[in-house]
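Okay, so subunit A shows up in both of these, paired with subunit B first and subunit C after.
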Partner chain A sequence: MQVSNARPSAELAPNKPKRRLSPRLRGNLAAYSYMSPTILVMAVMMATPVVMVFIYSMLSNVVMVKDSEFVGLDNFVQLLSDPVFRKAIGNTLIFTVASVAFHLILGMVFALMLNSGLVPRWLSALFRAAFIVPWVFTASIVVILWQLLLNPSGVVNYLLRTFNILGDRVEWFSNPSLALFTVIFINVWAGYPFFMVSLLAGLQGIPGELYEAAQIDGAGPWNRFFHITLPQLKPIIVAMAMLDFIWNIQHFSIVWLATGGGPLNATETIATYTYKLAFSKHQFSVAAASGVVLFVVSMIVALAYVRQQKGRD
Partner chain B sequence: MTLQVSQNVPRRRLLLRIGLLLGLTAGALFAGGPALWMLINSFKPNTEIFAYPPTFIPETFTLDAYVKILTDPGKVRFFINSYVVAGGVVLLTLFAGIMAGFALSRFDFPFKRSLNAVIISIQAVPPITLLIPYFGLVVWLRLYDTLWALVFTYMVATIPYAILMMTGYFNTIPRELDEAVEIDGGGSFRALWQVLVPVARPGIVSVGAYTFMVAWNEYLFALTLTQNRANRTVPVGIQLLMGEHSFEWSEMMAMSVLGSIPVLILFLLFQRQFVSGMTAGAVKS
Partner chain C sequence: MQRMLAKVAAFGLAATLALAGCSSGSGGDASTPGQTPGGGEEITLDFSQWWEVELPPGMMRGLMDRFEEANPGIKVNLISNPYSATVDLQTAAAAAGTLADIVAINGASVYDLKTQGAITNLSTLMDDAGFDPAQLVSNDQIDGATYMVRALNFAYPMYYNSDLLNAAGVTELPDTRSEFEAAAKAVTDPDKNIFAWSLPINVQSPAGFDSQAWLWASGGRFLKDRKPNFQTPEIAKWLEFLKAQYDGGFITPGAFTQAEQQKVEEFTAGRNAMMNGSLAHIGGIRESNPDLNFTIGFVPTEDGFTGKRGLAGASWGMGIAENSEHKAEAWKLIQYVMSTDINSELATAATGFPGSVDSVPGYVDGDPLYELAFKVYQESEFVTELEGLPQALDLNRNLNENLVRLLQGEATVEQTQASLQEYWSGVLG
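Let's turn to the complex of A and B:
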């Protein structure tokens, strides 16, 4: 509705130049009318909620209470003294660092295998297609699929038992000491293709002469990897690690769908706990404080990302 | 030592090749195996899914699960909703993205740089942070439990990407093209829609495909901003069914297959563009 309202103004402004306006002003008006649908959506759906969440975070329980009052940083104090939130911070850090690291490692190993030039081109294209498969699935399908695979009487436990790797039927999701590992594993499976594809593009961009020169100097494969490949890919690796850090620190869906933060808060992350605070405990102000914490951390990393990108230009 | 190595090169190369093929096969099983398992199980009757030992080729091949889903109006509704929401998001996002991309590519105006910076940084805002105020905002706008609530909230995530991509595409089109239209007496609006948009069509299509994928996959907002079963999208709908009849695994798998087909098709058609688009920030040299 809002967007279709914005349409006539955008159509009319450039077509009906006002007579007395300077060309410069007319240009600015035209530009802003082209920007107006975006500005409208962003004002309503981005700027307003961000301001609201900051205000919420400093009010006594908003939404649920009619006359909520200003309480300063009380909600933040309450949040930080909440043992579950502290646990969530720890879990989020483990989840994020492990996910980024394994996305990177797995993406790198797969990209190197595809780029080796030792298998025929058609075969490598086939493997490439297979390696991208996890990317196609939406989070809720990813989780259902792994719930079937990792079911105590499912195929993974069957294979692990048949090959004598693990004896018992493992409860991957409901065992508190395994659950965080399980959700990280699923998240790694679902997310590495993006890294693989970007690193593969990066590998293909490295000039072949560099390797030829190194070969003449007698450098072995390890030397070539650490002294040519890695330094050449460094800008891509740094940029992707930062982006992935932002995505994973905010990650909600896979954890929520797989374990709901349980068992016993073993997989509780800042995002799942924020959701619970708001929509099952109805403590909207504390939830807003938690949302603000996540917002600030994300923005700091995003700023670092933009600086890093600018430094390269 | 170097001498020894060079003597063994053909043999080493063969060993390396075998090792590599083993590694690639293991990787393919890890990546594609689960998806294959989904497909296999969607063709099994439910009683066979937890058969011990598991059957890797269905003993009884059946399309029952698919028939059950496609003949149940409640389940078909999830798909219709997802298509409507994703379609709406694509249209509105392209409209806003094309216009804003044009402005950023062709005009110089006050606060242009800051607007650009805001558009980029919006992508880092955590959805869960927005969700808390969204809930009140969407109720206040009378959009709660409607598909419109999803369309408008998804656009926050899809517009920035569309703008960045469209600005890039328009920048590659020579300015002389739209200046010619303006000399003929047409305004910049006509130049945009009659000249630039047709030229930029391949770019627009791939931005649309990417937007569709983001909207089709979204879960958090769809879970929270709709309530009625009739307004649920595929990702939430699958989970609802999971909670209700959690033992109908073959139906779950069939629904997962059906729910992944649109994105799979888009991937097959636009994989190259997605990849270069998503990594535009990371890989630009």
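Let's turn to the complex of A and C:
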């Protein structure tokens, strides 16, 4: 008897029941249908604006004229040839790296202090509330507060002059060589509590036995910190640093409210530069190109963050 | 499975685009039709403005309620935000074609909105409604047509702290730059935190006319036939005056990032002897510091100047969106705001000068300070040189950046003039 491997055609097998979806595929489809509202919302709220900005960055004078033309990478060339943009890149990097570093250092110091057991419980609760206060304020309140304190006729200058630390009043925001340092300081003050809270949670999760064993082996406080605390906190530190980097590289509000990128572009960041391009010069296409540059850098760090999280899982 | 996923993704994308299309389509018409009790179509006009935020509570809504009563079937929805937020939102809405039916604008934004095709030609609407433009104090035109109607004008005279000046032995208000310099020298006392005046030249929100007022007072101008004209002896003398004031230490420290409001606070707190500011500040100063003894006067002019003094001014204007489907009704609202009584009421509340020729602000009678201010206004030429220019905000920002460079010692007067001429020529042609 000869057996044919050929499948019967549809004409030859009219009564064959329809192929059913496999249970796994059905399961996946159900899952995707449940997720579809979220996917839809994300597509509309996130993907569409991003795609539009990419498209705008390659059109001429978009928004201001109705018949924009495709100009390829011209807007990027114009952007990169502007010395103010290059200065903004440098300032943004200094602002971001310094902010992340000091957020981490201050957050760690305060978290260690609150977790040390040296501070009485009631005082620790008080400190915890006090240290978190900067995080509660909105950017505008933070800036107004520090503008009052750092005003040339304000409290800080008064104290510095009264105690003969400085002879002349200091123009913290108006002096081009001090302005960037001042806005970084304010940003560090406003942002360290987030690190402190996260690191404190991490510290409280480290088993006490590790420290006891190390102590028995003769490890001092520095050794315990570098060989137990830091390695145990490493996943949190790395994740927080990456997130903070992304937040700070596109930071706008504090810098804008305090100095607007001035004086003499001393505090110009990519975010303030982009805002001025769009809403002052009305060069929306070049502003979109600037936004794309910021987006790409943020995405690189975001992807690194996702990989780090996956590796951790 | 991959094909299935691709289909799901394609469906999602199509749905997204459809949704986006729907949203942009519906956004084009800012006003909302409904039904009146009588069965006619009721429309709602959106009015985007910053006025409600700056006027006494309930004032703006009250005016709109009276308009609605007088015009059955028309409702007004006030969209109120601070000035800078209103301007930013308008720029974005103009691009998206979703501008509110009526928009509060001023000379800094009118040209750009017109260029975007976002605001409509009001001359046509005036003709259709039989409105005589001669009723307007000023009828600024771009390319021969009106795009903005000025509801109010705000004058920026000089404020003088009488007590500080008297204590320094200055018995008469300075009339010339030399007299001002002498007065500034006499009152400035850094140890007591007292300075002659503030010069806020920040770049985030360049407002006020603290630097420009000195040039305009003496008849100088930035433009000639709407083209930049910075390389003149008047501009050089003006820059030299500002530089001398800064180098002399008469200006409150922190000028490069100081905001308009901080300047007013310095004067209100009695730390500045003089201030150039809007008349609208009188009420706020009196409320915050009732004991402050101050008066109003002219901005001092260049020594030997004999012409008519210039007085810096700003405006609250109104325009109608090109995308509005109810332009005639929107014009009705503008005409209502410009009517004699309503315009007087608005001017009184905002401490501005009416945009309608027949209106008289109520504050003028009885208050000596306002009477003095009105006298200064009447005897001066109202200067709004930067209004109606393309990218007016950017030009102001560039002016401040150049002034910072000059005062910081990083540019000479000549270099500042050349830099301003070059940048402004790039924008204005």
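Simple rule for what comes next: the second predicted complex is superposed on the first by the 269 of 313 C-alpha atoms of A that agree within 3 Å, B and C clash if a C-alpha of one lies under 4 Å from a C-alpha of the other, contacts with A are read in each partner's own complex, and residues count from 1 in each chain.
Everything below uses one rule, namely that a contact is a pair of C-beta atoms (placed from the backbone, for glycine too) under 8 Å apart; a residue touches a chain by one contact, two chains touch by 3 or more.
Quantities reported herein were computed from a predicted structural model and do not represent experimental measurements.
When the two structures are aligned on the shared chain, A:211 is found in touch with neither subunit B nor subunit C. Once chain A of one complex is fitted onto chain A of the other, the partner contacts of A:185 are absent, as it touches neither subunit B nor subunit C. Touch criterion met: A:282 reaches subunit C, while subunit B stays clear of it.
For subunit A, the partner touching the most residues, choosing from subunit B and subunit C, is B.
Of the two partner chains placed around the shared chain by superposition, subunit B and subunit C are both touched by A:153. Once the two complexes are laid over each other on the shared chain, residue contacts for A:28 go to subunit B and to subunit C alike. When the shared chain is aligned, subunit C comes close enough to touch A:174, but subunit B does not.
In the superposed pair of complexes, A:56 makes contact with subunit B only, with no contact to subunit C. On subunit A, the surface touched by subunit B in one complex and the surface touched by subunit C in the other have residues 28, 32, 36, 44, 48, 63, 151, 153, 257, 278-279, 284 in common.
Residues of subunit A touching subunit B in their complex: 1-3, 10-11, 14-15, 17, 27-28, 30-32, 34-38, 41-42, 44-46, 48-50, 52-53, 56, 63, 109-110, 113-114, 116, 118-119, 127, 130-141, 144-146, 148-149, 151, 153-155, 158, 162, 189, 193-194, 197-198, 201-202, 205, 218, 236, 239-240, 243, 246, 249-250, 252-253, 257, 271, 274-275, 278-279, 284, 287-288, 291-292, 294-295, 298-299, 301-303, 305-306, 309. On subunit B, the positions that touch subunit A within their shared complex are 2, 13, 16-17, 20-21, 23-24, 27-28, 30-32, 34-35, 37-38, 41, 49-50, 52-54, 92, 95-97, 99-100, 102-103, 107-110, 112, 115, 117-137, 148, 152-153, 155-156, 159, 163, 187-189, 192, 216-217, 219-220, 224, 234-236, 238-239, 242, 249, 252-253, 256, 259-260, 263-264, 267, 271, 275-276, 278-279, 281-283, 285.
For subunit A in complex with subunit C, the touching residues are 25, 28-29, 32, 36, 39-40, 43-44, 47-48, 63-64, 66, 147, 151-153, 169, 171, 173-174, 176, 179, 256-264, 276, 278-282, 284. By the touch criterion given at the top, residues 1, 4-5, 8, 12-13, 15-16, 19-20, 87-88, 91, 95, 112, 115-117, 190, 193, 202-205, 252-258, 262, 271, 391, 393-394, 397, 400-401, 404-405, 408, 410 of subunit C touch subunit A in their complex.
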